[in-house]
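In the two assemblies presented below, subunit A is common to both, partnered first by subunit B and then by subunit C.
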Partner chain A sequence: MDGLTPPAGEVSRTDRGQLLLVSAVALAVLFVTLAVILTTAIHTETIATGASETDNERAVVTHQASVDRHAGESIERVNEADHDTYESLEADLRERIAAWNDLSSRHDGGAGAASNVSLVAVTEGTRIVHEDGAEDFTNATGEQSWTVADDVSATRDFRMTVTRQSLRAPGGKSCDESGDCFEVTIDDGTDTWTMAVSAAQNEVVVDVENTSGDHTTCSVANQSAEIDLLAGTIEDTPCPALRFVDDVESSYDIHYGNADNASGTYTLTVDRRLSESPAVGGSPSYEPVIDDATLAVSYRTPAVQYETERRVLPGDFDD
Partner chain B sequence: MDVTGRDRPDDRGQALTLEAVVAAIFILGSVAFALQLVAVTANTGSTADEGIESQHRGVAEGLLDAAVEDGSLHATLRYWNETDGAFHGADPNGGYYVATSPPTEFGALLDRSFEDRHVRYNVNVRYATANDVETKRLVVHGTPTDDAVRVTTDLTLYGDEQLLAADETPTNTTLAEADFFAPDAVPGSDVYTVVRVEVIVWTA
Partner chain C sequence: MTDRGVSTVVSYALILGIVALLTTGLLFSMSGFVDGQQRDTTHSTFEVVGNTLAGDVAVADRLVTASEQPQTVSVTSTLPDRVAGSSYVIDVEDTGDGSAVLTLRGGAGTGDGGDVFTTVTVRTETPVESTTVEGGAVEVRYDSANETLVVHPDESGVIP
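Now for the complex of A and B:
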């Protein structure tokens, strides 16, 4: 049995074999543990930085869209209400914006954001309304050739309904030749755009002469015709030539000619405070309206800070 | 046999080789496992989650924007039955719709957007009271998971707007007069209140 134990002084290779295995197992465990830790770290980081960028942008965009929507609705409602002065219009709008701000910032506060909206300024506009369908389109003093609005940069609304019976029927001649059809003239200082309205047989005929001198005719067979000069329609049928805003430079004057040769109603809204004061009982009436409002908007979260001044138009208008 | 025991290494040689091979297999195997784990699991799993989440978010945002634009969300908020104190056709227990969409245009839009049966959603309406902001449930499909997506929008309700009857036509009762789930937050103005509608979407 002497050969069983290795002689003293000689290194035992049996022990070294087990050492190799043990250290191999230890390394394997180390690698796997490292891998698990690394995976967890990467995974956590990916989730943490995931959607928060877009969350911030979305929150600001949503807030701004809500502000625009409410402000647009408010301006419309304020303009519909009975206000006699620009001061009372502005005060009403300011109050509405403040009330909305109060409620909206409570919602935002619950979501961890500080938001604020306030009214900075309004631009005054005028709405010119002629409501008595039996009366002709002359002004309060009875002039048949008169300036409805001067120095206008933007028209927000321009609709008229004319009754066919009241219109001139030039009888074979064009309105240019006969010279007595009711006309709307837009004059921007260098060019003029004219719309002449007349009757022919059972139709209401609209003859547009644009700034280059081209004539376009649209007509509708009806007792009365609703002409929308901004939408470019006559009784809801498209007539793109009617859109004078595409043709004239701003700013421009709006004239009526031969206004005693048309009856019906009209309403137009321009973006300026006109010097005409409302004639009591006269027609048309000039009403104060708000053309647009400038708001100061701010929105703050720990991650984003947003401040701007923003111009809002009434209703669904895009500028 | 030698006195020094030199014969012994022959037997030990095979055992040692075997152990070395096993050790090598251990190490190589663990390295391969570790590399594969990091490369595949860390990135793939979260990318898939993120993809689904942003898809839900996109659908919910589009749906809310469309519903605000065409007025169908506004109409559904007014689809209130004041005698029952609940929305028309809602579950009588809670006054909200359980596991179904409202029978309105907005409900049809919700159905179209979330056709996949695995996608669940809740719709809540938050409104201000005198001291607090409370939540009124509109649609409940269950409890959201941790990875649910939440999208909100604000709407203004006016006191002169009318409640809608069960067939979506306007009734003669205005919000100012009605027994509505939200109180009049701005008495004395024609603004009734401002609500925040939230849509929560998750995969079941």
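Now for the complex of A and C:
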């Protein structure tokens, strides 16, 4: 019995132990909470350096850019191929885009994305071509003054090459006075823009009268002159006054005047289907082309989804 | 001989008292330290989460402006459900001048001082609807009818 009861005068040990035990447990709880918090801190570092959605965004934008590029080239190729009807043009373009989509979606699928491109609609355009350099610029029925294209919103291409011999020399007078130079007139309903082409000495002279009535003259000393009305050049020399698109409002008519006083070749492409389709063999010929195409583009990854309709114009793209 | 003038009760009370004092002091300081850590961690995690969400909102905004007529633009953001052991809330507010302010609130924990606030500003060209969402997986979606970006909880469940 002596060993069991603590000696008189000594403090009971079990009480001391209990207090320490309680405080140890409380400290342990605190340590566990601290561990949870520090785990969060480590996890935060992981999120901070993790992959962000900008990678996916780059993929979407790259996909869209390559769609634009490929579709633009396809439209050009389709327009150059020999198609007689708008239906066959559209079918050709649809096939090309579908073939590209097969490859592209398979490639994107390998990278974990579902992509798709399809043709929704095309806008019809017309290309007017006069190829026989010996013939003058009158139309198929021989009219001197005729409308090449009416109600045009946008011209994609307008180039002509005139031979100097065929042009009527004004004999010292300006074309306004003698009135028989070959003229291209752009009429937007309120204003007109006129370009008169004539020959003087050994030069081909172009006289532009813009909608405000200002005259600008460009000339080149050459047997023939290639005039590009969209690039604004004559034989690759800049002549900014030639750019009628900067001057006239949308929706205009293109006329030729005194068309028997110029010979050479020309080609222009406008953005609508023209109602007149003269007999095959006449000059100029009106060919169907695609002006632009609307595509449905979609790109989906688990985190980013993107669907849109996009209008693509023919031509090369400078990225 | 050592027992003369010593009462066991007094010794007992003294020892208990000193140990209790020391332990309480230790617990209080530890708890204050833990609370401080929790607030710091919550704050820095909120910054990271807030900036992640801001980045995703900016991605959605750029995709919307990259296209003429976007039909669907949606960016899913995997944000953590809880931060430092407690849930949180994200307030999205459009300032009206081309930017949106994201405020993350939460992490009250055990300490006083209330919620932890963190604010992140993001510039967008598309207006963002003002809303409040709970922390967790979130989707930033383009509303083509109103031409705004909407942030709402992601219900699809298809998150990597």
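FYI, the second predicted complex is superposed on the first by the 264 of 319 C-alpha atoms of A that agree within 3 Å, B and C clash if a C-alpha of one lies under 4 Å from a C-alpha of the other, contacts with A are read in each partner's own complex, and residues count from 1 in each chain.
Note that in this section a contact is a pair of C-beta atoms (placed from the backbone, for glycine too) under 8 Å apart; a residue touches a chain by one contact, two chains touch by 3 or more.
Please read these numbers as outputs of a predicted model, since none were measured by experiment.
In the superposed pair of complexes, A:307 makes contact with subunit C only, with no contact to subunit B. Of the two partner chains placed by superposition, only subunit C is touched by A:56; subunit B is not. In the superposition on chain A, contact is made by A:73 with subunit B only, not with subunit C.
In the superposition on chain A, A:64 contacts subunit C only, with no contact to subunit B.
10, 16, 20, 23, 27, 34, 36, 38, 43, 47, 54 are the residues of subunit A that lie in the contact sets of both subunit B and subunit C, per the superposition on chain A. Only residues 3, 6, 8, 11-12, 15-16, 19-20, 23, 26-27, 30-31, 33-34, 37-38, 41-42, 44-45, 48-49, 52, 55-56, 59, 62-63, 66-78, 80, 83-85, 158-160 of subunit C touch subunit A when the two sit together in their complex. By the touch rule above, subunit A contacts subunit B in their complex via residues 2-7, 10, 13-14, 16-18, 20-21, 23-25, 27-29, 31-32, 34-36, 38-39, 42-43, 46-47, 50-51, 54, 58, 62, 65-66, 69-70, 73, 77, 95-96, 99-100, 103-104, 106-107, 110-111. Contact residues on subunit A toward subunit C in their complex (touch as defined above): 8-12, 15-16, 19-20, 22-23, 26-27, 30, 33-34, 36-38, 40-41, 43-44, 47-48, 52-54, 56-57, 60-61, 64, 298, 302-311. Across the complex, subunit A is touched by residues 1-5, 7-9, 12, 15-16, 19-20, 22-24, 26-27, 29-31, 33-35, 37-38, 41-43, 45-47, 49-50, 53-54, 57, 61, 68, 126, 128, 133, 151-154, 156, 158, 185-186, 189-191, 193-194, 196 of subunit B.
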